[in-house]
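One structure is given here, and the rest of the page talks about it.
Chains: A, B, C and D, in written order; residue numbering restarts at 1 for each.
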Amino acid sequence: MLPTDRYVSETTFHVRYAETDAMRIVHHSSYIVYFEEGRSAYTRDRGQDYANFERNGLFLAVTEVNARYIKPATYGQRLTICTWIENVKSRGIEFAYLIVDADTREKHVEGRTRHVCVDREGRVRHIPDEWRVWAVDHKSQ
Amino acid sequence: MLPTDRYVSETTFHVRYAETDAMRIVHHSSYIVYFEEGRSAYTRDRGQDYANFERNGLFLAVTEVNARYIKPATYGQRLTICTWIENVKSRGIEFAYLIVDADTREKHVEGRTRHVCVDREGRVRHIPDEWRVWAVDHKSQ
Amino acid sequence: MLPTDRYVSETTFHVRYAETDAMRIVHHSSYIVYFEEGRSAYTRDRGQDYANFERNGLFLAVTEVNARYIKPATYGQRLTICTWIENVKSRGIEFAYLIVDADTREKHVEGRTRHVCVDREGRVRHIPDEWRVWAVDHKSQ
Amino acid sequence: MLPTDRYVSETTFHVRYAETDAMRIVHHSSYIVYFEEGRSAYTRDRGQDYANFERNGLFLAVTEVNARYIKPATYGQRLTICTWIENVKSRGIEFAYLIVDADTREKHVEGRTRHVCVDREGRVRHIPDEWRVWAVDHKSQ
């Protein structure tokens, strides 16, 4: 399921109570936030965090989100989000995610997000070279 | 863009400050919550609200979410979410959404969600007949 | 309960599913967002919305939040938030809120928030005169 | 600032992008969620997590929240939330929190929450004895 030809970042956290809903499971929009935190963790792992990326005046605007919900998660559960770069082009990048139980590795949610790189004025810009290298470079920094 | 052969519910609201992020636009996960509120409004329009549906022991579990982000929205903006049933089968239902500026009707986000009908124990159940009627019935109640 | 010597803004909305938690009630942090939407509605009622306030380079930073939870609310319920200015000084302002059921007017939550006026650089600034007038002016615009 | 006569739990996390707002800082309602996660971490540290507490049919309903915002936090920042039991009575409990920068220990937010213990039917129940012991027991388990 996870790609073996590229770097996969993993980060683990507890489900917060506020992230659940009246079905007593994690609300489906919370996983979209987990995806984003997966991207943040990915950039931290790579030694170039996204906060710094923004300080340089570049932003990754989300253009598409897709999520498939396989098994509900519940409050207090430890989840691991696995994040990798699925594809990178001159002006766009696609991340993919797999969210599993941290202990059993059972699958909960999988998804993808697409992004374009924009500057402060909203103009589309080239994805920095380091992100392209990340996509194909198997090793962490 | 909107289907003309079925009922389309419309509901309008102001973007809340908490729904924005540090890019000064509506956070992409907020639209997933708007989709859900679109479904709620749809069922209210149809005279059978989702709260009542749950009181009868049935739930529409989300199995898939897809969203395409066309233009960012900002705090205070009035958005209209248009919601319709795209497809309904014996055990599954698909809603589609279009979020537009309430005044200019400019497109911001479009998306789809898929659901299965489950009972309190999580067993898959048949979609109630009225939902199937809704899908093809053009008129509001 | 509501003050009779000043303007009270009222706005009504449905509880969203995402705002509930695994106790099957509205999550306590959601009411803090409702307070904020109460402030937004207040400024819209007054004919000078907060979005415009920010476009002029001023922000009301939150310095304190207090909330008292009296009765849980649930998904789909129609709530009314009543908002008024409790107090205004040269550099600070205090809003107060009462959240009630839109139909029965039963009390759910009451609270207060304190704010200072800051500019883009975070410097404390004087509260604009119109806000001081609002505090004591009983009539809507 | 932190009490020295009782157990203080500390947990550290990165600010998520979704938790920020258009002022480019952490939205004030996000800290209320951090408080809750502080309580969760406290119970995990104590060897009796809150998820288990709920499985036994008891819930800590929030009756009051107070927060004082001292310094804004930003996306990506590592925050530490310190949580302790301020007070415990037969049917009520009060938690207190201090949120600091994980590296500099600079103060960002402090607050308190009050709770009553209820069962599934919403009836007020006695706080379990272990929680009373925790309040005065200085050592972790």
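Rule of thumb we're sticking to: a residue touches a chain if its C-beta (ideal position, glycine included) is under 8 Å from a C-beta of that chain, and two chains touch if they have at least 3 such contacts.
As the structure is a prediction and not an experimental result, all values here were calculated from the model.
Visitor: How many links in the shortest chain of touching chains run from subunit B to subunit D?
Guide: The distance in steps between these two chains is 1.
Visitor: Need the CA-centroid distance for the pair subunit C / subunit D, whole Å please.
Guide: Once rounded, the distance between the two centres reads 25 Å.
Visitor: Could you state the distance in Å from the CA-based centre of subunit A to that of subunit C?
Guide: 34
Visitor: Averaged over CA atoms, how far is the centre of subunit B from the centre of subunit C? Could you give it in whole Å?
Guide: Roughly 27 Å, centre to centre.
Visitor: Where in subunit C do residues touch at least two different other chains?
Guide: Answer for subunit C, listing residues that touch two or more other chains: 17-18, 22, 29, 33, 36, 54, 74-75.
Visitor: Select the category (line, ring, star, complete, other) that matches the graph of chains linked by touching.
Guide: complete
Visitor: Which residues of subunit D touch subunit B in their complex?
Guide: Answer in residue numbers: 17-18, 20-22, 24-25, 27, 29, 74-75.
Visitor: Hey, which residues of subunit B end up touching subunit C in the complex?
Guide: 13-14, 16-18, 33, 36-37, 40-41, 44, 49-51, 54, 74-76
Visitor: Which stretch or stretches of subunit A touch subunit B in the complex?
Guide: 22-23, 28-29, 32-33, 36, 54, 59, 61-69, 72
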